[in-house]
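The data blocks that follow each hold one structure.
The two complexes that follow have chain A in common; it is paired with chain B in the first and with chain C in the second.
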Partner chain A sequence: MANRGSHKPNGSSPMCQFKLVLLGESAVGKSSLVLRFVKGQFHEFQESTIGAAFLTQTVVLDDTTLKFEIWDTAGQERYHSLAPMYYRGSQAAVVVYDITNQDTFARAKTWVRELEKQGSPNIVIALAGNKADMANKRMVEYEDAQAYAEEKSLLFMETSAKTAMNVNDIFLAIAKRLPRNDDSGNRQRTQGQHLEDKDRREVKEGGCCSK
Partner chain B sequence: MQQVQEDEDQQLEENEAAEAVRRKVWTWKELFDQWRRFNIDLAPKLMFCRGAMVDLLVQSRISRYAEFKAVSRLLTVLGGKLEYVPCSRSDVFSSRYVSMLEKRMLMKLIEFVLHYQDRADDYEGYKDKPFSEFLQKRKLTSTLQHFVIHSIAMVSANTPTEEALQAMQYFLKSLGRYGNTAFLWTLYGSGELPQCFCRMSAVFGGIYMLRTTADYLIVDDTNVCRGMIDSEGRRLTCKNVIMDHSYTTTHHEGIHSDRFVSRAVLITDKTVRESENEEVTFLTIPPPKPAEEPVRVLEIGHTACASPKGTYVVHLTRKSSSPDAKTDLMPAVELLCQSLEAELDYSCEKPKVLWSMFFSYQDKSDMSLEDLRAGQPGGVHVTGGPGCSVGYEHAVKQAKQIFEQICPGEEFLPPAPNPEDIIYDEPSGDNPGHSNKAGFEDNCSDELKPEESRSGNGHQFSEQEVHKCEDEGGDDSPTPEAAENVGKESSTKDENQTETVLVESISKECPQGGQEE
Partner chain C sequence: MDEKYDVIVLGTGLKECVLSGLLSVSGKKVLHMDRNSYYGGESASMTPLADLYKHFNKGECPENYKGKDWNVDLIPKFLMANGQLVKLLIHSGVTRYLEFKCIEGSYVYKKGKINKVPSNEKEALSSPLMGMFEKRRFASLLKFCDELDENNPATLKGIDPNQTMRDVFEKYNLDQGTRDFTGHAIALYTEDSYMDKPCLPTLKKIQLYTQSLGRYGKSSYLYPLYGLGELPQGFARLSAIYGGTYMLNKPFEGVTMEGGKVTGVTSEGETAQCDMVIADPSYFPDKVKVVGKVVRCICILNHPVPNTSDAQSTQIIIPQNQVSRNYDIYVSCVSFAHNVAEKGYYIATVSTTVETDDPESELEPAFKLLGPVKEKFLSISDIYEPTDDGSESKIFISSSFDATTHFETTCDDINKLYERIMGEPFDFSKIQSTVDPVDN
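Entry: the complex of A and B
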């Protein structure tokens, strides 16, 4: 995919690609949420990072295909050392906390502040209270989180990567909020080229003395 | 008479007013408010389209973390003015500065250089003689020689012919791969590349610590490195440390102690040469005398994400024999821009410098790794700094050499698996509540099994695991050495940690040799 913005492959339905970043304290279930959303899987003992550059998942919404490029923190949140590149050009973010752990909710608020400071100006932020299947150990009240989300205009849902509750829903809710027409979607993003794709087109480009 | 003078004055004022409408006057506050839009590299570099860095990024698939922009024009100074350098076939034919005869000459030379190895007879006698003599023999006019020496081969008139031919071929081969350009620029700056390498390292378990510096080395009684202490006072255990020469206390007496790179960074209000398009410009200012050094200038604007709209970041770089960057670069600044001290002159087409910075650093880029690490404890590897080369060729070479010393026989940055290709084992929890075993267990040898205790409280961090200590100054770009270091990191690893397990399970799909000890 040479183009992260909107374009029409083969003139068919429009396709938009968005960068989405996940944030939250270690072990709140960021990777599990992604794995549930992308692969429909859940691992009780999920390794602390997903060993991939980023995962992609496509969502179809009102005849539009949206492709999420999902960036997991790969453990870097522990040292608070997320490089600027992680936030760059991200159009959406899911800030995750664990409903059974009050500290993670406090951390989630810090991440929201961080996003307001570092993220793209019109970033869509969703707050996910994960591990909703463990409600018997609940330490963060639904109402508290909802009030906070309202105050900050965040999307909010309690989710469970384990039971799949609200996982697709929260990504869909984000998809609905994302600007989709070419203009607004790309305003912050200046397009550069991607190397691999161009490389394959090499022959066509020619037109110079090396050919 | 008096009347005429007044009319003229009025006319002049009107012109100035009209110009003022067209040309924005920046206030310090306006500029400062947009500070986050500036990305200023300390050691900016370009990638040759068919160069070592592009090949490495593509091969390792690290390229997907970054986006690139073509360097859209190559300029030089000819007769005190900035002119386009014709380098591709189409440029040569459309160039206004070269005559028909020169066009033919230049095309012949380009064809020759692309295959010079097969035509040894044509340059044998000039192999070690100055390049300018060889060009003279081929009857190139002085304009053409100027283009070829300074902007295409990017050497000096005295460079031995064979070396110059090699450099020119390297440039020519880079044309056409990504359009009509020989160079690519990393969107947001060269500082993105170390981040890309760090990110790749992180997804395979590497740890990078931003805003942390290394303060002390821990050395045992046999003078072998055992670890380091970081700026937070943490003790990090490791077998290998890779660092820039500026961290060392050793002074390489007598060896290149007089080599410096002079740098200037300017923020300007317009481009050095008007154009219809937003350009990424690479300009070479040839030295006034052949024995002196050229100044390489890179101008990037908001389309390359270097600065807010309406401003440009201009980097000037030059080899030097003294650490006095201002003396070295002031003539070039004055050639390109309005006077630094004076107020904005509306009648002058040149850009106004809104902010400037001059600095220099020691250049040890041409020292061998052995010389660089002389006197250091065992396990310490020292890099030579970014130097003042245009591209990353040297950085890639050095990174590879150090990697081979630390991980002999391992493949250097093999392709990372595509995220879609990673197969997760037995989705243990797909039937919710059914499983109680770790998803990766089947892949692990006994000693690599994830600890039971990890499931609830997430990741347990031992000091030993923190083997990576890389300082990255936020948006400011670190030197390319940061990129080097990441490629070579991960030499020490606590076997019981998750990271190792993860690498193990992925290596089924794609061996990640370099990630392990």
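Entry: the complex of A and C
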């Protein structure tokens, strides 16, 4: 999966593709954040799975188009059964907790440690304190999360998938921090091909956003 | 855990994960458990290398192998580019999670040397494996198989599908050496009993080979980056996306039965209810029998396999006749180019079906082809088959992975299990295009 090649669709601005993974305790709003970002939707009683391989969304930054390939946990986090494949080649991660639940913040810290162990060396990690619309039930102080994020050099925002607060902003902040050239050291070693139902399929070019 | 499921799957080997995925997609409520803390069971890729040392009780992993880059398959196999597993990956959408590379070279052993397997008419005509006239006869057999359509009698060119393969070889006037590599390096039989059976399945196997060729690259074989362990993980994700529940590191303490039928699975004192169980053989030692043994030796090299034009991936087949055996010996080699080893390292796994009480020395002809080996990990595994088909107990058990170098027999077992479980054969159209990513 990893570092998709850069290509210029119809001669427009160069496009970079990045794999972004979501992490966090069940029911903190991971899928809701993505649905808000990708489709602009929010469902009060979101089903716990999405039913898609992954969702994609593009953001335009300066003159570059960045395409996020967003992987949801599909519930495999519930019993600590996420496969190594999930982390493989991810260039960004959003670790989500629920500001009304202290345990989810503790779990978020565990996920950050897991990413340090299993994730790519230069992965960009954002911490999202979700359900910010429910501040009257707040159990995790903004300052505590911010201090932790600073200590670990994570991006940090409180978000609300319900009101859309900071949802686009946190993905944009990630986009700004993602390396967009070959010198980033984030380049994956090997490129393979995805199998498609065609007689022949060209191998994707290596590198990212070589302009 | 205290819930009711349609199906509980035990073990996360490739067969169990494929079935879990297919059943979840078809709307079944699936609980999938594994006693190990990792995905893949017998078909896992071990990472880091220290885990492989531990798995083989080889003591401390040397300091220079401690990088994160190793993913070593316990069971080596390649995918046929036009084979059943590739079709399943494409139709289920699981291919989106994976990246593949084509295996660079396929070789066959003859008289102590290895030669490239000629896989089309052109290569056949330039192959040193055959004399001038033999080449033309062989090329015409390949062409015949490639164009064969069993529903169109004209393409059979006078051959009766019930004739033996020996008859077909006679008809094409092919010598013993050519029969050896056709049967073993192209049709991929592990032994010679196919010769006296009806020819059609063999002709179709030759066709699978010729039609796999050039589909995604030069050879007929594919291999996933980061190792074969990615395959079960991909199908497990498919299952999870369709609502399957995953629990690793979950000890198995037995099943509950009622009137000869399974009603639940017990783990850590809790019992989850279910209508049926699917499991790999290790979960039901009383319900399986040993049908053979496979010896496998994982060899770490710091050089490519000699005489393969420095290929980063190769397969070598040593036909049984060449070394006076009943079963072929296989070498499967992958390397750092597939993100399974540290830069500069190669992993060559040698395997065969055990015939003597000294299995390691049976692999000797293959070791001679490898050059110096840094480290060897030897295993001798029983091959299990279920003692019954599960129709009474509703406990469906898969067979162990055999010695073949590809996934076709694995897929045959999956199809058989699917039909027994669902009461109808598996139909690709049922899962087609159901897992498209949402694109904006």
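Here is the rule we use: the second predicted complex is superposed on the first by the 186 of 211 C-alpha atoms of A that agree within 3 Å, B and C clash if a C-alpha of one lies under 4 Å from a C-alpha of the other, contacts with A are read in each partner's own complex, and residues count from 1 in each chain.
Everything below uses one rule, namely that a contact is a pair of C-beta atoms (placed from the backbone, for glycine too) under 8 Å apart; a residue touches a chain by one contact, two chains touch by 3 or more.
Computed from a predicted structure; not experimentally measured.
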- Of the partners chain B and chain C, which touch A:163 in the superposed model: first, second, both, neither? first
- Who does A:42 touch here: chain B (first), chain C (second), both, or neither? first
- Please work out whether A:195 is in contact with chain B alone, chain C alone, both, or neither, and reply first, second, both or neither. both
- Task: Could you say whether A:83 touches chain B, chain C, both of them, or neither, answering first, second, both or neither?
- Result: both
- Which of chain B and chain C A:26 touches, first, second, both or neither: first
- Query: Does chain A have more residues touched by chain B or by chain C?
  - Reply: B
- Task: Answer with first, second, both or neither: which of chain B and chain C does A:58 touch in the superposed model?
- Result: second
- Item | Contact residues common to both interfaces of chain A (with chain B and with chain C) | 39, 49-56, 74-76, 78-81, 83-86, 88, 190-196, 199
- Can you name the residues of chain A that touch chain B in the complex? 4, 26-27, 35, 39-56, 72, 74-76, 78-86, 88, 133, 162-164, 190-196, 198-199, 202, 205-211
- Please give the residue numbers of chain A that touch chain C in the complex, ascending. 1-2, 38-39, 49-58, 69, 74-76, 78-81, 83-86, 88, 189-197, 199-201, 203
- For the chain B and chain A complex, residues of the former touching the latter: 54, 57-58, 61, 63-70, 87-90, 92, 107, 110-111, 114, 172-180, 184, 187-188, 192, 195-196, 198-200, 202-205, 207-212, 302-305, 416-420, 422, 424, 427-430, 432-433, 435-440, 450, 454-459, 461, 472, 474-475, 498, 501-503, 505-506
- Item | chain A partner contacts - residues on chain C that touch it in the complex | 39, 47, 86, 89-90, 93, 95-101, 214-217, 222, 224-226, 230, 233-234, 236-237, 240-243, 245-250, 336-339, 435-440
